[in-house]
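Naming follows writing order (A, B, C and D), and every chain is counted from residue 1.
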Amino acid sequence: MIDKRVRDIAEGLEGIQDGSTVMVGGFGSVGQPDSLIEGLIEQGARELVIVANNAGSGHVGLAKLMEAGRVRKIICSFPRSAGSVVFEDLFKAGKLELEIVPQGTLAERIRAAGAGIPAFYTATGVGTKIAEGKETREFDGKTYLMERWLPADVALVEAWRVDRWGNCDYRGSGRNFNAIMATAAKTTIVLARKIVELGEILPENVVTPGLFVSRVVPFQSNIPV
Amino acid sequence: MIDKRVRDIAEGLEGIQDGSTVMVGGFGSVGQPDSLIEGLIEQGARELVIVANNAGSGHVGLAKLMEAGRVRKIICSFPRSAGSVVFEDLFKAGKLELEIVPQGTLAERIRAAGAGIPAFYTATGVGTKIAEGKETREFDGKTYLMERWLPADVALVEAWRVDRWGNCDYRGSGRNFNAIMATAAKTTIVLARKIVELGEILPENVVTPGLFVSRVVPFQSNIPV
Amino acid sequence: MSEFTPLSRRAMAARVAHDIPEGWVCNLGIGIPTLVADCLPIDREVILHSENGILGMGPSPAPEDIDPWVINAGKQNVTLLDGASLFHHADSFAMIRGGHIDLCILGAFEVAENGDLANWATSAEDAAPAVGGAMDLAVGAKRIWVVTEHTTKDGAPKLVSHCSYPLTAPGVVDRIYTNLAVIDVTSRGFEVAEIVPGLSFEALQAQTGAVLHRKEN
Amino acid sequence: MSEFTPLSRRAMAARVAHDIPEGWVCNLGIGIPTLVADCLPIDREVILHSENGILGMGPSPAPEDIDPWVINAGKQNVTLLDGASLFHHADSFAMIRGGHIDLCILGAFEVAENGDLANWATSAEDAAPAVGGAMDLAVGAKRIWVVTEHTTKDGAPKLVSHCSYPLTAPGVVDRIYTNLAVIDVTSRGFEVAEIVPGLSFEALQAQTGAVLHRKEN
């Protein structure tokens, strides 16, 4: 019997190595796998490269992970936002590398990694700072940038309903980066808001087919209040 | 009020020009918009470039369109199949151009057109006849082919439930090429098996969001028996 | 000097909303653009897109109706209309980058007379500006309208001959709605379509960092 | 010469099925590979992928249970297991080309000792061969197993030193199941893992167009 469910967060995060590239899903607070990030702080891996839309805020979640000195580099579209003090301090102090990627290019690079496409061309960023050092090329008289895929070692994803094969659906705007990051990592770890029986998510309603999922972690809150 | 529904097949196909590139969805008989193809024979446009997975069989549908001398070129992955006699005769007689594309490359080129990606790289076809005349490039020590997007003037799509905004879902294996072709054409014409009220397809179950759809044609059979 | 009243932020949003035809799919940037959603005539169907995976956003929910799982790109709670759809980020930006969005309304630091848009980085030296989806939208949407105060708080012009801030995208802006005027970006540069009552063309020109043209009839 | 019985098509499929571990995601090509589906032990969960947008295919339906909207890549009616999912062609081939399919089982015209696969075009002059998804699968799946008769109907070897037919993909085949043997493709070429009872290594070699190696223990 295929059963990707693990006991708890610690078992879900087992084996994440120092130096790993870790994708973190979510947009805003929706679909952000907070408990897995908290678990990653516990787990102890260092020198991480984080791929996420934002660079955290306050002193929780990603910000806490960065504050604990565990992040070498962050790849994101919107690093500086309300309350991104930890990021700003570390960045100013030269203790954090930053790669800024337009949000659509970030999404497409992640999707490309999942789809076996090592590079593609896009009009986004042409004629801007983002284009510096990047190859450009004309197609049909218009200029495009070449962008590379962005694969990861680990993806931390939050889904709504998940079954033992790893099939997922998402609630509301929760698909966001989760559904694509799930395809782009060697190990995809899904925090399941609800664990359901096989077949409970109808075939036409599965958003992330189970073949993309490595481990299913039952939801639990481990966030210090 | 937005209302993309048209009266009938003839109104749905109005304005298709000679020389158009027309995508035809479906895989096998599932999701194949037979009534729209029959309507296209009626409609009269000539010198068409057809994009479809197969090249038709028997003397109906695509085969009938080709037999009527209305197709200049076909772009497909599997031209020769059981009963593809019309294709074979026309091709042998030099009356039909053929571009063979591996099925995954065909799907990705269509998706790329819908997503604004003029070109991408793939490992499929490297070291084969398919690679002849194509640019190759190495990434991380592995060789890939460059493939171009494949946009169309018109996409003929069959969906299951469709509302007046053009939101679609599909039944069974009916998404196949339909859901991607819908994104890649200037004019996307959807044959709706059922027309439903706005909101009847739940937001999480919409497969083709309405913004990709130009016209919604209520299902009717016009296939001569 | 004659009397005139600059438009409020809300009035600017209403002015923009007035020009959006039924059936368009629109993406609204953060700030004044977001206010446009609440100014659309109730009998006009305009479909709002949010880059975090929503098409068919409705108005802000009443406090008791908030679903914390449904937010827009500005991270505010929103509602879903009948006919709405949900999707992931790659599909959402495929809509944007594939040219399927009729209109994107954005704020700006500067707009140049050739349509260059600068709205993401406040200086060339800023090594950590937040780009978000602005570059994708600026390049991908069929039309870009900018809505912004005509000048900065210090009175410096935001409509200029050349952008001094880093570009979001070159040559993309079609139209600008300010608190003082509506200005089209054309092949000959800024063309004034409308001025708030009581403000002269010359007075508007004085607050603008590039040559303004009168609309030809 | 000793007595031996070549495997039937069904027995070949069963032999392959025997080797698929629980949990693998497998794509089955047309022909003998399709038969593998019906030979999987009932207590072993193997997830079958079909490139037209199905993951989790079940066995063929009884005539009264046919849903004409659910077909496999060979255009036969199939069923969906609990846990199945449906998707479009780009997502389906993203699974294949992105390396998410554990195993693809294909038929072949020829396999070369370096793993080259030829299974789509019967001659270099054929201008209209039907490639379908074969090239994507050959390149994208984590492992390629070929299942085929050991020779053509005329007795010509299908396991060869160099393919004479146009390639589907170079160097991709990991293992070959024939009606006479199971053969691994290794860095030193064809390595015989198993021969049908009663057939000698030498007799197998005589029907093979490349050098066979005995497995080292």
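The working rule: contacts are C-beta pairs under 8 Å (C-beta built on N, C-alpha and C of every residue); 3 or more make two chains touch, one makes a residue touch a chain.
Each chain and its UniProt protein: A, B = 3-oxoacid CoA-transferase subunit A; C, D = 3-oxoacid CoA-transferase subunit B.
Small disclaimer: the values here were computed from a predicted structure and weren't measured.
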Farthest chain relative to chain C (centres taken as mean CA coordinates): D
Chain pair with the higher count of C-beta pairs in contact (A-D, A-C): A-C
Computed distance of Cα centres, chain C from chain A, in Å: 29
Centre distance in Å when chain B and chain C are each reduced to the mean of their C-alpha atoms: 35
Whole-Å gap between the CA centroids of chain C and chain D: 56
In chain B, residues with contacts to at least two other chains: 108, 111, 115-117, 122-123, 170-171, 204, 207
Shared interface positions of chain C, touching two or more other chains: 54, 86-87, 90, 93-94, 97, 140
Overall pattern in which the protein chains touch one another (line/ring/star/complete/other): other
All touching chain pairs, where touch follows the definition stated at the start: A-B, A-C, A-D, B-C, B-D
Complex contact set, residues of chain D against chain A: 22-23, 25, 45, 47, 49, 54-56, 80-87, 90, 93-95, 97-101, 140
Of chain B, residues touching chain C in the complex: 1-2, 111, 113-117, 163-165, 167, 183, 197-199, 203-204, 206, 209-212
Chain D partner contacts - residues on chain B that touch it in the complex: 27-30, 77-81, 87-88, 91, 98, 100-108, 110-111, 122-130, 170-180, 207
Touching residues on chain C, where the partner in the complex is chain A: 50-54, 67-71, 75, 86-90, 92-94, 96-97, 121, 124, 127-136, 139-140, 166-170
Chain A contact footprint on chain B (complex, rising order): 108, 112, 115-123, 137, 139-140, 142, 144, 148, 169-171, 204-205, 207
